[in-house]
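Some structures are shown below for you to check.
Look for subunit A in each of the two complexes below; its partner is subunit B in the first and subunit C in the second.
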Partner chain A sequence: MKALIPVLIGLFAVTAQAATPNEILAGYRAEAAKLNPRYQPSAELGAHLFARGFGVSARMPACTSCHTEDPTRGGSHVVTGKAIQPLAPRANPERFSDPAKVEKWFRRNCGEVLGRPCSAAEKADFITFLMRER
Partner chain B sequence: MNRILVWDWPVRIGHWLLVGAFALAWLTGDSETWRLVHVWAGGGVVGVVLFRLLWGLVGTRHARFASFVRGPGAVKAYLLGLFTHPRAETPGHNPAGGWAIVALLSLGLLTGVSGWLTYQEIGGEWLEEAHEALASTMLTVVFVHVIGVLIGSLAHGENLVRAMFTGIKRGDADAAIVNARPFAVPLLLACAVTCAWWLAR
Partner chain C sequence: MGTPGRLANLLFLSLSLAGVAQADDLRLPAGAPAAFQNECGACHLAFPPRLLVAEDWRRVMAGLDRHYGDNAGLDAPTRRAIETYLVGNAGKPKKLGSSGTAASDEAPRLTATAWFKRKHHEVPQAYWRHAEVRGPSNCAACHKQAVAGSYREREIVMPDGHRWQD
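And now, the complex of A and B:
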């Protein structure tokens, strides 16, 4: 039984890893730099990604379909009507505090809205944009 | 050995409804476009499970928990003797299958309830993760169940999948059920639809 305790603590640490938006951004930035050593995150590119219509999904063509054009305000799910809390960490401190959750929603939403996975550079741009908004 | 009726209508329809609802819920789990379909499918799973729990008490002979839920010793003896003593003790569920049923019903209920709590934003992040872990565990048990059915079919020389459609298996005449109880099927369907509607509100 005693041997299980560190394992359980380890599991908990993996599933509930706390991080700051800056740390999560740094992770994606480092990943993007492996492909392009001169890569710099761009809030402008992130803003474009956020507002752009991709035309893949009829009901949610863009991020703004659910999150609205202002990420400091809450949105609502176009299918279920459920409330969605603001994306910008300054408006909602819970955002970008759990790397696994961030990755899960990039995987889901990029697949559904863009029709493909997002690159590390796109994720870093996106987070840079959201961290700028107040 | 005769060909006898073993599975009543609610058992068979309920089984395939559960297959369909769980498959649909699994396939739509990651999609926001299909979120309502996912919630309805999950509600359907819960409805079928609730009906099956009741049916396990008042259903026909081989549908009752008391007739097929056996202790670990019986399961071990059954699995060890599977190929050396292929004559099944009962035309109903074998002891290993009985545990698969209990596990799948429990997981179906827990997955559905944790999903509903997440959808209603009652539970926190941990409950959403529990929902996903429970669903994955359920899929794993489904695979174990299917492999068990295939091995059981080979060992007993009887197509157990077909039996879940026709309700008919080999067995002694006195082990047959008399009435397939089709009148309970509308109740099963009503339970599934009501649960799906109520959970998706």
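And now, the complex of A and C:
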């Protein structure tokens, strides 16, 4: 067992930073299934979430305010003008590869645009939609 | 007889050249925590610490939960690391001037210092409002090498595509 510890630590170190979109999706899906055992991620619901105007923030009423309506293309921050790389992992392989970063931006942007935290199901839907886009 | 004069001239010339280089060179000082780029630099240019005085940076970092209309809240260790870096490399009050907001609830803006205003007083208002610029804090809109910390006049391209001319 002792000999295994460094291997296990190594594994965790790798998984803590690098993950695939599928792995990150699986995490949110499992969390959503705890509340609703029949939950299935839906790209359609994710697309709706992405395009919907929430109207909570005047400057950022929707995800598309900064990310544009096409997640395979880059956008720009609606206030600062800073370039934003595409959200769809097929267009930008860096997306959904770091669970902590994904969670940070869901926390910030859901708070900003929806005025509340997103549910695990919404996050899983959102990622499912983005993984579909090419 | 001419030697001391020439020497003085040379000295003066090299001093003024150093002054010019300094104003154009806003590369980030060494020692930035990784979070400085990852957090601050995620939404806007990771601004050179020299563009605000220490007191203004402290006030920016004390109000991250309402950061120019956004919630940019950070965990305490990250916030402290970034604040230490900004304050330690902050601009000199005499040279820069403060943002002039210390007495109000307003957040300090690095575009409100006397130095910034003097440097940009020739820029027409229409450029600041241009759709691709969105405001004077978007350094990289015209300073094409701003990401690398270089603000030379010859690198400036205005939003209408024209090079800057005095």
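Operating definition for what follows: the second predicted complex is superposed on the first by the 119 of 134 C-alpha atoms of A that agree within 3 Å, B and C clash if a C-alpha of one lies under 4 Å from a C-alpha of the other, contacts with A are read in each partner's own complex, and residues count from 1 in each chain.
Here is the rule we use: contacts are C-beta pairs under 8 Å (C-beta built on N, C-alpha and C of every residue); 3 or more make two chains touch, one makes a residue touch a chain.
What you see is a predicted model, and the numbers here were worked out from it, not measured in a lab.
Chemist: For A:Glu112, using the defined touch cut-off, is the partner it touches subunit B, subunit C, both, or neither? Pick first, second, both or neither.
Modeler: Both partners.
Chemist: Give one of first, second, both or neither to describe whether A:Thr80 is in contact with subunit B, with subunit C, with both, or with none.
Modeler: The answer is both, since A:Thr80 touches subunit B and subunit C.
Chemist: Return first, second, both or neither, reflecting whether A:Glu103 touches subunit B, subunit C, both chains, or no partner chain.
Modeler: In the superposed model, A:Glu103 contacts neither subunit B nor subunit C.
Chemist: Looking at subunit A, does subunit B or subunit C touch a larger number of its residues?
Modeler: B
Chemist: Looking at A:Asp70 after the superposition, I want to know if it touches subunit B, subunit C, both of them or none. Which is it: first, second, both, neither?
Modeler: Once the two structures are laid over each other on A, A:Asp70 reaches no partner at all.
Chemist: After the superposition on A, what does A:Glu31 contact: first (subunit B), second (subunit C), both or neither?
Modeler: In the superposition, A:Glu31 contacts neither subunit B nor subunit C.
Chemist: Which parts of subunit A are touched by subunit B and by subunit C alike?
Modeler: Common interface on subunit A, subunit B vs subunit C: 59, 77, 79-80, 82, 108, 111-112.
Chemist: Residue numbers of subunit C touching subunit A in their complex, please.
Modeler: Result: residues 43-45, 68-72, 132-135, 137-138, 140-141 of subunit C touch subunit A.
Chemist: In their complex, what parts of subunit B are in touch with subunit A?
Modeler: Per the stated touch rule, the residues are 30-33, 35-36, 39, 119, 121, 125-126, 129.
Chemist: Going by the contact rule set out above, which residues of subunit A touch subunit B in the complex?
Modeler: Interface residues on subunit A, with respect to subunit B: 15-16, 57, 59-60, 66, 77, 79-80, 82, 98, 101, 108-109, 111-112.
Chemist: Name, in rising order, each residue of subunit A that touches subunit C in their complex.
Modeler: 59, 77-82, 108, 111-112
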